[in-house]
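Labels for the chains are A, B, C, D, E and F, by order of writing; each one numbers its residues from 1.
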Amino acid sequence: MDSLLQTFIEAGTLMLAGMVFVFAFLGLLVIFINLVLVKLANKYPDPIIQSKSKPKAKKTNIASNGVTPQVVAAIGSAVTQYKQKHGDKA
Amino acid sequence: MEQLNTLWLSTGLANFELGQVIMMLVGCGLLFLAIAKNFEPLLLVPMGFGAILTNIPVAGFSEVGGLLHYVYYAGIDTGIFPLLIFMGVGAMTDFGALIANPKTLFLGAAAQFGIFATLFGAIALNAIPGFEFTLQDASAIAIIGGADGPTAIFLASKLAPELLGAIAVAAYSYMALVPIIQPPIMRALTTEKERKIEMAQLRHVTKIEKVIFPLGVLLMTIFFLPAATPLVGMFCLGNLMRECGVVDRLSSTAQNELINIVTIFLGLGVGSKLSADQFLNVETLGILGLGAVAFSIGTASGVLMAKLMNKLSSEQVNPLIGAAGVSAVPMAARVANKVGLEANPHNFLLMHAMGPNVAGVLGSAVAAGILLALVGQ
Amino acid sequence: MEQLNTLWLSTGLANFELGQVIMMLVGCGLLFLAIAKNFEPLLLVPMGFGAILTNIPVAGFSEVGGLLHYVYYAGIDTGIFPLLIFMGVGAMTDFGALIANPKTLFLGAAAQFGIFATLFGAIALNAIPGFEFTLQDASAIAIIGGADGPTAIFLASKLAPELLGAIAVAAYSYMALVPIIQPPIMRALTTEKERKIEMAQLRHVTKIEKVIFPLGVLLMTIFFLPAATPLVGMFCLGNLMRECGVVDRLSSTAQNELINIVTIFLGLGVGSKLSADQFLNVETLGILGLGAVAFSIGTASGVLMAKLMNKLSSEQVNPLIGAAGVSAVPMAARVANKVGLEANPHNFLLMHAMGPNVAGVLGSAVAAGILLALVGQ
Amino acid sequence: MDSLLQTFIEAGTLMLAGMVFVFAFLGLLVIFINLVLVKLANKYPDPIIQSKSKPKAKKTNIASNGVTPQVVAAIGSAVTQYKQKHGDKA
Amino acid sequence: MEQLNTLWLSTGLANFELGQVIMMLVGCGLLFLAIAKNFEPLLLVPMGFGAILTNIPVAGFSEVGGLLHYVYYAGIDTGIFPLLIFMGVGAMTDFGALIANPKTLFLGAAAQFGIFATLFGAIALNAIPGFEFTLQDASAIAIIGGADGPTAIFLASKLAPELLGAIAVAAYSYMALVPIIQPPIMRALTTEKERKIEMAQLRHVTKIEKVIFPLGVLLMTIFFLPAATPLVGMFCLGNLMRECGVVDRLSSTAQNELINIVTIFLGLGVGSKLSADQFLNVETLGILGLGAVAFSIGTASGVLMAKLMNKLSSEQVNPLIGAAGVSAVPMAARVANKVGLEANPHNFLLMHAMGPNVAGVLGSAVAAGILLALVGQ
Amino acid sequence: MDSLLQTFIEAGTLMLAGMVFVFAFLGLLVIFINLVLVKLANKYPDPIIQSKSKPKAKKTNIASNGVTPQVVAAIGSAVTQYKQKHGDKA
């Protein structure tokens, strides 16, 4: 029973030390974000037209509605060609 | 005639033991949960299948020379598979919501109380005759409360390999049960008014913040908790590959083909630990019970922490997102969103809940590191 | 000067042995068949290349520390590569046609007579001086009749590793020759009228049937033939991942990237067994001869079984699909379709032939299990 | 020669036992399909609009003719826009 | 209290050594170069990260049981990872430009003078106290002049594993610096008129030439330099898979998923050799210095060889493409193109420069084989 | 110093032997290309419509402008249908 008590105390200490550590660690991360990252963000803002976000946006675009700008261009061109071929009355 | 006898003696029917039959049924049960109930199928399908294979008499899947033997010792005993999964998860994780609202880290921290309370509970179970969990065992069980599969497998493989099967089953089962376990606790601990709290839109997070963040996390882990660096390090490597923008092909492979290949083997290898002698005992019941407790306590701690933060600060957070602090990405965040919508159909909490959700992943990796540092070896 | 001598002594020219030259030509021959004749190129390209590499003097590809040494011992000696290929093949296999017309399983069973008759033949060859096949050797050779590459490699690596190279060459060569070997046999054993038989459209097979089928196959293998569970188990795992619908990303990886990676290494590793001392002997001639016999007997048995079934039942099957029972998926089914079209241009047998075709895969895995159980160790 | 005969007998037994076993095994599978699977199929028929077959059908659709519904929609919309812009006379 | 002490003793802060801190900064420096300056990011991101991980105190990444230990010994010490990368690079390489203009092989040969001159220089450094390079060390360092990452890693792992980290850092850094190192040398050694030389359009290369070419290269390597067959062989296997047209799925996997997976591990494993005791010494400075010399000499040799060829033949080559002979595919070819455009805005040298560029890959693999044959063991 | 000299000589020989070998090897490759490959190219020229280059061309086509022939066909058909539905006056 004595050893059980001892294990209990050990487990209790572990619980306390663990939670303190977790909070301290993630708390430091909060400070890191607020001090370091926010400053970095101000100093190096994203370029207005991000070179990287462009292809991403394109990908999303394709993924979300399946229509690429090229298709739209092709449609425009097809309509134009059709118009020319058939003599548009507009 | 002799030939026929040899053939008969080589059949499963002539060699079955009861434990093997039961464990195969457990494997089938896992397959059923995965396929029919959609319980974390990516891991539970190979794991359930591995449980069946490892219990086949005569075949020797998990003996020297058997496929699952190689898979387990090369990938799980060494920790390689969970670490590669963690790298892939890192490459899938967007820390934007967390960086935009760093306070949510405290929610992720609070939810880890599920782990440490369960550790206490597992030791307490020793008072009941039949349970004899060492501190190592108790720690490996407690990590179930972290709601993070690879973390649980990694820690269990280091601290209590003979409990690995039961711990993985419990961890993944409860992660799948998040939509059932969490909502009642969330509703019980919050008022209608609290659940209706709308949160301010998150600020834009720049590319450089996302690139530096994983490096900062790694640096702090190196300083304060080297024992957690295998997990946190591989996670941060994946995340850095994702965000740095110059190694997209590596990031894509880490998120797709590599994680898929490793998941198949990880599942099979974990399943190979579901043998009768290691699973069919009262300790497994204890693990399953403690796992449920751990999840519930973690959920409650996250919600209560959010309420406490609202008391201390004028900027209000919806306490429902505290429940997402247990991790179980992205399910817990979706649950927070869903319960929030019930109270206020115009209140979309998903993005806000992603902050504590990914904080919970870091939190449980840190907790695993603490346990490794304190009770390892 | 000494330097130049060292350099000269390190050249291939100064160290070649005749056997190595011949085996390199064999490797080039395999590459030619693969590239120019499209003979099972996915395996024969890496295998032919591996045969060249392993026979390079001085380089030591297959000695301790050499690349092919690692590949062979890590992947083939352990059985891991053929089993992973089998998982991928399982993920590619649709059992719908078989479930819709279960009678075709008997065609797949009959075609395995090619295996067992060849086993008898291999033993008979011992009467000729120069041949000394043990029962293990004979079994490994006989499995060529199963027309299934990974099964043959798996069994040979367990029963007769020193014959592995020749067996793999024979198995893949004859699989590629199916369109040449089978049609004359099929035409000789059937009448014009039989070849014109049209078969009823297959019924719709539901999702649950396809999900339960691999589990049922595994269960029966566990009960009656545990020795076959490595092959059948990994095959069923792949098939379950395919059909269960909740792990599509794992199934896709198993069918594509994983099987591609393993195929490269499997080919190289098998090629590394094509060394002069193991290949350039009269036994290889015996293996090549027996392989051709095995294919022919398997084809004939399948066709004759179909004719027998037509005698016993009113529901007629086109006996051409019996030839597809040797497996060689999907080539044998295509051959059945093609020969059928010659007789009746409106008769598409492809889907009907897929039944015996996949039954043949199961059949030869079962046959391999029987051989392992009876002559293994 | 005696040992050869013995091996022959062994090989013959192997052949017989093997073929019997293969037929028995695959025969049991026939029974399994006819008894278990067919019953399951009756009890749990596929839903009329299968949730799984839908994306598959979609994929096939894309694969077989390369045109997604979105493209068709885009074309419709392009045609409409063109009509509006150019004042349709129809 | 004791617990807190244990926790403190387990922190990185309590265990750091100065060398580890410096090596972590080196790792961060590599990450900075990779991410901010786009220096060969595919390898330098995992390598820089590996350098950080391996220097974490307590964590033991590179000790027995640590992740990087397994990665290094399974993949780099055996040579498997560089060889697989080489296979992938082979599958990405189009020899069309080289076959169309075979004379460019001499440019690729000349550029290897960078390697052998550096070998001489490394030995010369021994005259300075503090340097004690063996012939093995000097050879491993000299290969930096080959401007080919996997070749350098492969050779260093065989001849001088303790220098591997520094050699890899130097090789990849200078490969990234090609656009800065080469143009001044190219301009200094050529006249404006030479830089304006326009070259005839390349002839069409047929499929059969591209299929036979890798086999011919392999055959010659087997005859004359078996020690180079691991590198050349895997490269030719990749190239054959690319060109033969019957194993496109294997070729695609070798170029994408497989090379990506291996690149992540190769980088981590190489980074694990960046430990303080192996990197922070005067030899590393020597290696970095010699590497720069090797690149410069290689570039100059290529350009001068082209000028010599113009003297000897009426068919003129633009000497700028000689600089591409160092390999560093495809960067060096792009540099040649860019410098050429400065002199003549209508002169596109890119395709012409691809000839010496891929010749340089073969050339440095051959050089590596010579060094292995002469100073290996 | 003597051993240094010896190493120097060794390194010099290595340099010489190495460069000679590299030139000899790649020179032989030049001969191989000029003799063997060129002859092979004349004997087995690429078929005019290469079976392999076709799908490649198609892939490139998709990759370069994102529009498959099917899409073009669909556009044509959409335009036709629109014309029929709206009674084309052309």
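One rule holds in what follows: a contact is a pair of C-beta atoms (placed from the backbone, for glycine too) under 8 Å apart; a residue touches a chain by one contact, two chains touch by 3 or more.
If you're wondering where the values come from, they're calculated on a predicted model, not measured in any experiment.
Engineer: By the touch criterion stated at the start, how many steps lie between chain A and chain C on the shortest route?
Structural biologist: 2
Engineer: Residue numbers at the chain C-chain E interface: does the shared fraction exceed half, giving same, or fall under half, giving different?
Structural biologist: Both copies, chain C as well as chain E, present different residues to each other, with under half of the numbers appearing on both sides.
Engineer: Quick one: report the Å distance separating chain A from chain D, using the average Cα coordinate of each chain.
Structural biologist: Those two chain centres are 37 Å apart.
Engineer: Compute the distance, rounded to whole Å, between the mean C-alpha positions of chain C and chain E.
Structural biologist: 41
Engineer: Provide the list of chain C residues touching at least two other chains, using ranges where the numbers run on.
Structural biologist: In chain C, the residues touching two or more other chains are 3, 7, 224-225, 245, 257, 370, 374.
Engineer: Out of chain A, which residues touch more than one other chain, so two or more?
Structural biologist: Each of 10, 14, 17, 21, 71, 75, 79, 88-89 in chain A touches at least two other chains.
Engineer: Chain C touches which residues of chain E in the complex?
Structural biologist: So the residues of chain E in touch with chain C come to 78-80, 83, 87, 211, 215, 218, 222-227, 229-230, 233-234, 237, 240-241, 244-247, 249-250, 252-254, 257-258, 370, 373-374.
Engineer: Quick one: which bits of chain F touch chain E in the complex? Just the residue numbers, please.
Structural biologist: Residues 4, 7-8, 10-12, 14-15, 17-19, 21-30, 32-34, 36-38, 40-41, 44-46, 50, 52.
Engineer: So in the complex, the part of chain B that touches chain C is made up of which residues?
Structural biologist: Within the complex, chain B contacts chain C at residues 3, 6-7, 10-13, 15, 24, 28, 31, 34-35, 38, 41-42, 45-46, 49, 52-53, 56-59, 61, 65-67, 70, 256-257, 260-261, 263-264, 268.
Engineer: Contact residues on chain E for chain F in the complex?
Structural biologist: That would be residues 98-99, 102-103, 105-106, 108-110, 112-113, 115-117, 119-120, 122-124, 126-127, 135, 138-139, 204-209, 212-213, 216-217, 220, 224-225, 245, 359, 362-363, 366-367, 370-371, 374-375 of chain E.
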